[in-house]
Amino acid sequence: MNKAGQIQPLSEAVGSLVKDGSFVALEGFTHLIPFAAGHELLRQGRTDLTVVRLTPDVLFDQMIGLGRVARVVFSYGGNPGVGSLHRFRDAVEHGWPREIELREHSHAGLANAYVAGASHLPFAVLRGYAGTNLPEHSEDIAFINCPFTDERLSAVRAINPDVAIIHAQQADAQGNVQLWGLTGVQKEAVLAARHAIVTVEEVVDELTPRPRAIVLPNWVLDAVCHVPNGAWPSYAADFSVRDNGFYEEWDAISRDRDRFTQWMEDNVLNVTPAVAR
Amino acid sequence: MNKAGQIQPLSEAVGSLVKDGSFVALEGFTHLIPFAAGHELLRQGRTDLTVVRLTPDVLFDQMIGLGRVARVVFSYGGNPGVGSLHRFRDAVEHGWPREIELREHSHAGLANAYVAGASHLPFAVLRGYAGTNLPEHSEDIAFINCPFTDERLSAVRAINPDVAIIHAQQADAQGNVQLWGLTGVQKEAVLAARHAIVTVEEVVDELTPRPRAIVLPNWVLDAVCHVPNGAWPSYAADFSVRDNGFYEEWDAISRDRDRFTQWMEDNVLNVTPAVAR
Amino acid sequence: MIPVDPTGEEVMTIGAARELADGEVVLVGVGPPNAAANLARRLDAPGCVLVYESGAIGARPQRLPLSIGDDDLAAAAQDLVSVPEMFNYWIGGGRIDVGFLGASQIDRFGNINTTVIGDYQHPKVRLPGAGGAPEIAASAGRIIVLLRHSLRSFVGEVDFITSVGRELNGADGGHTSAVITDLGVLRRSPADGELELVALHPGVEVEQVLEATGWPLRVREPLGVTEPVTERELSELRALRVSANGSS
Amino acid sequence: MIPVDPTGEEVMTIGAARELADGEVVLVGVGPPNAAANLARRLDAPGCVLVYESGAIGARPQRLPLSIGDDDLAAAAQDLVSVPEMFNYWIGGGRIDVGFLGASQIDRFGNINTTVIGDYQHPKVRLPGAGGAPEIAASAGRIIVLLRHSLRSFVGEVDFITSVGRELNGADGGHTSAVITDLGVLRRSPADGELELVALHPGVEVEQVLEATGWPLRVREPLGVTEPVTERELSELRALRVSANGSS
């Protein structure tokens, strides 16, 4: 199916594709995290979201702390190299500013749930989960027997988000996208979702194949948006470096409810993003 | 597990790893077909083999025609762009020079059998096979129900060959391998097999990452052998082009049992391969 | 003026090329479908996305690929992916609008046999087998089969169902929606999925088709006639073939 | 001469680094395991292959990675693969000899909790969760846990089993084989898989360990003492840390 994704402003892409209550994947495994797109979604007031990501970090902490998230599907919720996600913990431990529902996986389980979603299969099979307490708290994990060996294995329910949002290094003028370096589960997230938005560091005339890259042709994308530095404080290899200082700073900002709220107003909600990128 | 694959002569690699009766994958999907290694195996007299490949073409036709193959696991047995594999047909239709057992898949089924093998899982799930006559002639295809949706899906038994043999463009001096272009199921075949042999076009000091490449580190390989043009009449992108003329010529050579046998003696069995490559 | 009359295979290939709408995502197999898809891209469907099961996505071959593993095909593609990814994410994932398939036998419901003629265990003719066809047939939006008309190929019952011709659950769409032959065009009945003759190529009589079909073929009224092959279509197709031969 | 005495964490990290044999394939998690594996590579196991769940295979970082997604870590790796491939082909595929894991709680069988302190639905402390640990624990040849000794961490029963500590079917090998703490070394009993104190770090008394362990810890006789930290080990570790700080 040819979605013929076009280059367009981020505000239009998010505005037309993300609704209140949408199931949104914002993927990026330690690299290329789509912060700018997530912030745009917050500025547009979207709420009651189900959000999914293997490694919810500061971006999900921000969304959760503003009360925009009803449900988080995830496998590791920490501030990498720093410690806790305080807004995430506050929501789970004290229901502030609202209760959130958790749908919890291991990385292997959630990655394979995307794989199943991308493959148009209702589930995926893996080892793992056996003997852990994870299955008893999840409707998305089950056990099945191998039809050949009768071995017991785990199964995870496929994930098919309404919208997948990722950040990449490059698009060409037709909206074909290339990203490289640690590419995580981004291909699977895009192919599993009904719609896909990609923000990119730069738009070039033609994509030159790069080592260790994945390509997402425009016909599997709905929108491509030119947003330089759209991963900050995460990074885009060959364009920026990870702002480790900000991740450490976030620990202090997010510990306090009022300071967090004020910071979000000053730095995300009441900010006009650079235009005409 | 670190197999610490070393660079060594092809004759030693094949001699130490392939036995009569071995289950051998010789993979290459329309590109990088390991002809030289297959011929070495024939010269060493190996027989009663179970051989697996998605697209058995001229190489398997040669092995089958010499009576070295007891069983073929495959999904498409033709001479691409030319027509039938006459030795394969003669064995199936007339049992010449011996009966062979077929274990037949679709591409999707066999590719996923390798995926399961590489993932240390006993089976893989896919759509497909439903309504076809393939399952009733296979012990390697079954049907299972999704534990979440109860949808009926097909399952294929994992494949774990004794040895996988592939051809690649490059190795470095430590035996790390890089191949690029159409890479088929080669990574899965190597990772699914107990042992792996790779023949390469060239040995370089250091591998430079290439676009559209896969890398097989030496610790998943048993042996790496320097065999320039080791894919002929197939090709290695950026090193050689496909010898389409030979594939057409093969049609005539292989139609006749005597001409075939003579050709194999003159061109494969009684040939000393170039040494010290 | 067309210098030489089109052959049956040329009429068939051009008829298949006309089936594609611009921008569609097309899974291309070996043989005549390969020519048809590449011809369409040079005619009225330049935005078609060609996908080859060998792993090439968005292939833009400069010459007609001789096999689906052609070097030129890989070099000019938008991306190359592994075969498992191709079948799981791209074909199985439901991203293909049109699958072109060939066949050795086809029946009235569009079931395809590429496995054996005769009994499976003791075949009269051992055919190449399934390849990617079963999953392409099951996953693509619609399937177009290219096949020369003959009693050997158009049979009452295929000896072996390699790929299923119609939706198993009776749902709309999918599976064999059209068969383009050297004599005319068959399409799937919206009512029950049986193939019906809907058009003859110019100069072909309906009796020729019925005689070359191994079951009582339904004829849809009014029976159409396909547009004559144009000079542009034929010259583009022949140029494609010359480029292929030049490369071998 | 060691300029400054090693801290407890340094003793623990160096002890973990000593567990690796040259050439082993090591799955490295965040935090202290990261330092231990990179230290081993600079000491007696230069041929160790470092694998990060972020997708880096054969990583050769020039400085200590701050997170498993460090840019330097990716750039110098032998290869980068997707996260699904990492978990399916490399970790699940059984290619890892040693998995280094951290923990918030551990029990006598090496079961690990990184999910919650307290009740799952109403936790006292919500921890980050599973990450890659359950499958690493289930698939690696052996698991080494790095954890500072305290009653909060070494508990009679973990509040939540995130990763399983011993083979479910009682088979040899696999799962938690050693716990390196700031006080000493615990190893899995070959008989029943329970963790036993096998060595103390120099200057540590056995009572200190027993008091910091929330179950009646078995002591294997004769109880050993680990080799004192060498100047080379300590200076290499400190150089690693300086390089990490210098990069932030």
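Residue numbering begins at 1 within each chain, and the chains themselves are lettered A, B, C and D in the order written.
The rule is short, and it goes like this: contacts are C-beta pairs under 8 Å (C-beta built on N, C-alpha and C of every residue); 3 or more make two chains touch, one makes a residue touch a chain.
Owing to the predicted nature of the structure, the values given are computational and were not obtained by experimental measurement.
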item	value
Interface with more contacting C-beta pairs, comparing A-D to B-D	A-D
Of all other chains, the one whose Cα centre sits farthest from chain C	D
Mean-CA-position distance for chain C and chain B (Å)	28
Centre-of-Cα separation between chain D and chain B, whole angstrom	40
Interchain centroid distance [CA atoms averaged], chain C/chain D, Å	57
Residue numbers of chain B (touch at least two other chains)	115, 119-121, 126-127, 187-188, 209, 212, 214
Per-residue multi-chain contacts in chain D, two or more chains	79, 88, 92, 139
Topology of the chain contact graph, where touching chains are joined (line, ring, star, complete, other)	other
All chain pairs that touch each other	A-B, A-C, A-D, B-C, B-D
Residues of chain D defined as touching chain A within the complex	30-31, 53-56, 66-71, 74-75, 79-80, 82-84, 87-88, 91-92, 115, 120, 123-126, 128-135, 138-139, 160-164, 168, 248
Complex contact set, residues of chain A against chain B	119-127, 140, 142-144, 146-149, 151, 153, 155, 157, 209-213
Contacting residues of chain A [partner chain C, same complex]	1-2, 4, 115, 118-121, 176, 187-188, 191, 209, 214-215, 217, 219-220
Contact footprint of chain D on chain A as seen in their complex	29-31, 54-55, 74-78, 80-81, 84-85, 88-89, 92-93, 104-108, 111-112, 114-115, 126-134, 137, 181-185, 187-188, 212, 214, 235, 237, 241-242, 244-245
Chain D - residues contacting chain B, complex	23-25, 47, 49, 57-58, 78-79, 88-89, 92-95, 97, 139, 141
